[in-house]
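A, B, C and D label the chains in the order they appear, each numbered from 1.
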Amino acid sequence: MNKPYNVAVLVGSLRKASINRRLALALAELAPPSLKLEIIEIGDLPLYNEDIDAGTAPAAYDSFRANLKASDALLFITPEYNRSVPGALKNAVDVGSRPYGKSGFSGKPGAVLSASPGAVGGFGANHHLRQSLVFLDVPVLQQPEAYLGGAGSFFDEAGKLSDGIRPFLQKFIDAYALWVEQHVRS
Amino acid sequence: MNKPYNVAVLVGSLRKASINRRLALALAELAPPSLKLEIIEIGDLPLYNEDIDAGTAPAAYDSFRANLKASDALLFITPEYNRSVPGALKNAVDVGSRPYGKSGFSGKPGAVLSASPGAVGGFGANHHLRQSLVFLDVPVLQQPEAYLGGAGSFFDEAGKLSDGIRPFLQKFIDAYALWVEQHVRS
Amino acid sequence: MNKPYNVAVLVGSLRKASINRRLALALAELAPPSLKLEIIEIGDLPLYNEDIDAGTAPAAYDSFRANLKASDALLFITPEYNRSVPGALKNAVDVGSRPYGKSGFSGKPGAVLSASPGAVGGFGANHHLRQSLVFLDVPVLQQPEAYLGGAGSFFDEAGKLSDGIRPFLQKFIDAYALWVEQHVRS
Amino acid sequence: MNKPYNVAVLVGSLRKASINRRLALALAELAPPSLKLEIIEIGDLPLYNEDIDAGTAPAAYDSFRANLKASDALLFITPEYNRSVPGALKNAVDVGSRPYGKSGFSGKPGAVLSASPGAVGGFGANHHLRQSLVFLDVPVLQQPEAYLGGAGSFFDEAGKLSDGIRPFLQKFIDAYALWVEQHVRS
C-alpha cells in the first residue's frame, strides 16, 4: 500500500477540553487508511508581525512552518468567535502564509469543519476562512458542508463520540479523502 | 466646552512603520475637538484561550479591557491579511469581547477604515470585521465606506500625509464624529 | 400622538404561503404604535437592467420607488436561497438603489430578519444583505440578531403564531422601534 | 482530438453594451481548444417563485435548465451591484438550483470573474457568489483571483480588447481550462 497522505489539522480553539479538538481526534480515528491526521499546534505562535519575521524568525514560526511544509493536505476544525474565525486560528493562517512567496498552504487540498454549541454551527467562521483560502490557493471541499450546531452534546461525559454525529463525521472525512486523492499534486 | 469623547483606536498591523498606524495618527490630528483618539495597543495580548482567562486573567488582558472600558467609541484601522482581518486584530476583538457578559464593545459607536497597498483596499477585512461588530452590538458608520487602496503613496518619505488622501480622511473623521455624537449613550 | 413612522417591509420570498411573509404580518401586529409596517411588493419588478431604466422606466419600477420614497424606515424579512439573498429580493434592492443618486434607501434606519426551516436560520442571507446596506447607507440594527431556524414550526395549521417564537419577535420589533426613533432624520 | 468541454457562461449584467458581456466574448476567443464557451441568457427568467415552479414550470425556466444541463462546466462573469451579486444573476442561480434535487450546477467545475469600473473590482460580488457555490457543490478555481477594477478602459472605442488586460485574461482562462480538465466527472 502507498504511504498515507499527511493531513495537517489546525484546531481553532486553544482550550484543553475543546470540543473542536475532540472532533479533530475523532476524525483522525474515523479517517480511511489513505489519510493520516495530525494536529499542528498553533497556541504558541506569537502574533504575526512582519518586523519580528524579518531576519531570524521566531522559533515557533519555524517549527509551525516546517510542520505545514511536511503536510500534503489541510483540515481546519474551528469554533466561531464573534461571528468569525478565532484570532488564534487566523493568526496561524497569517504566519503560515508568510514570508511572501513561501506560503505553506499553496495548492494543498483542504476542508473546513466548524462546530459550536449554538444553532448556527459556526457558519460565519467557516465562510470567512474559506475567503482566506481563495487567496491561499487551497482548493476546498464544498460538500458536505459542515456547520455543526449543538456541539455540546457531541461527546458524553466519558468523552465518547455520540452516535448522533458519528455518521456525519464519517461521511465528511470520506468525502474529504476523495477530495485529497483528486488534488494532491504528484 | 464639553469633554471630548474618548475614541479607542485599534490598529490591525503590529509593524512599527505600519501605514495603518500612521493613518491612525493622522486621523487623530484631523479629528474635530469633540473626539480624542488614542491608540490602544494590541500587540502584547496572548492568544485568546478561555483556560487562561478563567480565575486570574493575564495582566495584558486586564489592561486592554480597562482601556476599552474607558472609551466612549471605537475606531478600527486595519490592513487586510489573506483577504480577512489580521489575526492580531481579531484576537484583540476576541479578548475584548470576554468574559461573557462583560464585553468592552457593547453599544459603543464604531467605524472601520481599511487600507492596503493593492487596489482592493482591504474590502474583505473591512466587511469581515463588520460581521463581528453585529454580534458585538457596535453600531457602525456606513458612509463614507473606507477601502483605501494604493496605500503605499499616502505618506511621503518624510512621513507627511499626501494631499491626495487628506480630504477623504477629513470627510471620514467628520462623518464619524457625527455618528459618535448621535450614538453615545448618555 | 405623533404620526407613526412608515416602515417599508420587503419580503424575500414570493410564495403566497411564505413563512417570511407571515412573519412580516405577525410583526406588523406586534409592532408598537410608533411604527406602521406595510409590505411593499417586489414580485412584479422586471430584472434590473440599466437599458430599460433609461428614459421611461418600467411602471413597476416607478411604483416601487414611490413606495420606498414614502417610507421612513426599512425592514427586510427573508429566507436564504443558496446561502445568500434570494434573487428577487436582491433585484428589489438593485431597482430601489437606482437611478444613480436617487436611491430610495439612503439614510433610512433598517433591520434584517432571516428565517429558514433549517438550523442556520438564514445567517448567510442576513449578512450578505447587510453588506449591501453599508453601500446603501442604511444604518442597521445590530442586536438582537435575528437568524430564525426551525421556521417550519412558527405557525400552526390555523396560521396562528406559536408561543415559542412570539417573545423573540416582540423583543426584535421593540428594539427596532427604538432604533428607528433614534435614526429617522428629522 | 476530443470534443471540447461545454462551458456555460452566465453574465451578471443585462445591458447590451455590458463590459462583462464583452469580457465573456473576449474569453471565448482566448480560450484554449479544450473549452467551448457559450453565454446562457438569464434576462428573461421570471423571478424565482416556488409557486410558479410547481407543476408546469415557466418555459424560460425549462430552457435555461436544459442549457445548464448540457454544460460540463460553469463560468460566472459579473459586475457588482450594491456590494453583492446582481439580482438578475442571483435569480439565475436560484432558478438553476431547483427543483430540489435537480440542480444544474452540482459537481461542475466553476470560476468567477468580477469586473467593475471602480477600484474594488467586484470583490464583494465575487465572494458572495462563491458562498453560494459551496452550497451548490461547484468546485471553484481559487487562483488567479479575478477582481478586475478600472473596467472602463478594457475596451477601446472600436470594441477592441486592450493590451493591458489581455495577458491576465489569458492566464485566467488557461488556469480555468486546467481546473476543468481536473474536475469534469467522467
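The definition used in the following text is that a contact is a pair of C-beta atoms (placed from the backbone, for glycine too) under 8 Å apart; a residue touches a chain by one contact, two chains touch by 3 or more.
Predicted, not measured: the structure shown is a model, and the values here were computed from it.
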| item | value |
| --- | --- |
| B-C against A-C, pair bridged by the larger set of C-beta contacts | B-C |
| Chain centre separation (chain C, chain D; CA means) in Å | 28 |
| Whole-Å separation of chain centres (CA-atom averages), chain B against chain C | 30 |
| Averaged-CA centre spacing for the pair chain C and chain A, given as whole angstrom | 37 |
| Shared interface positions of chain B, touching two or more other chains | 124, 127, 131, 134-136 |
| Overall pattern in which the protein chains touch one another (line/ring/star/complete/other) | complete |
| In the complex, chain A residues that touch chain C | 83, 119-121, 123-124, 127, 147, 149 |
| In the complex, chain C residues that touch chain D | 14-16, 42-43, 45, 47-51, 81-95, 97, 124, 128-129, 131-132, 134-136 |
| Residues of chain C touching chain B in the complex | 127, 130-131, 133-140, 142-143, 145, 182-183 |
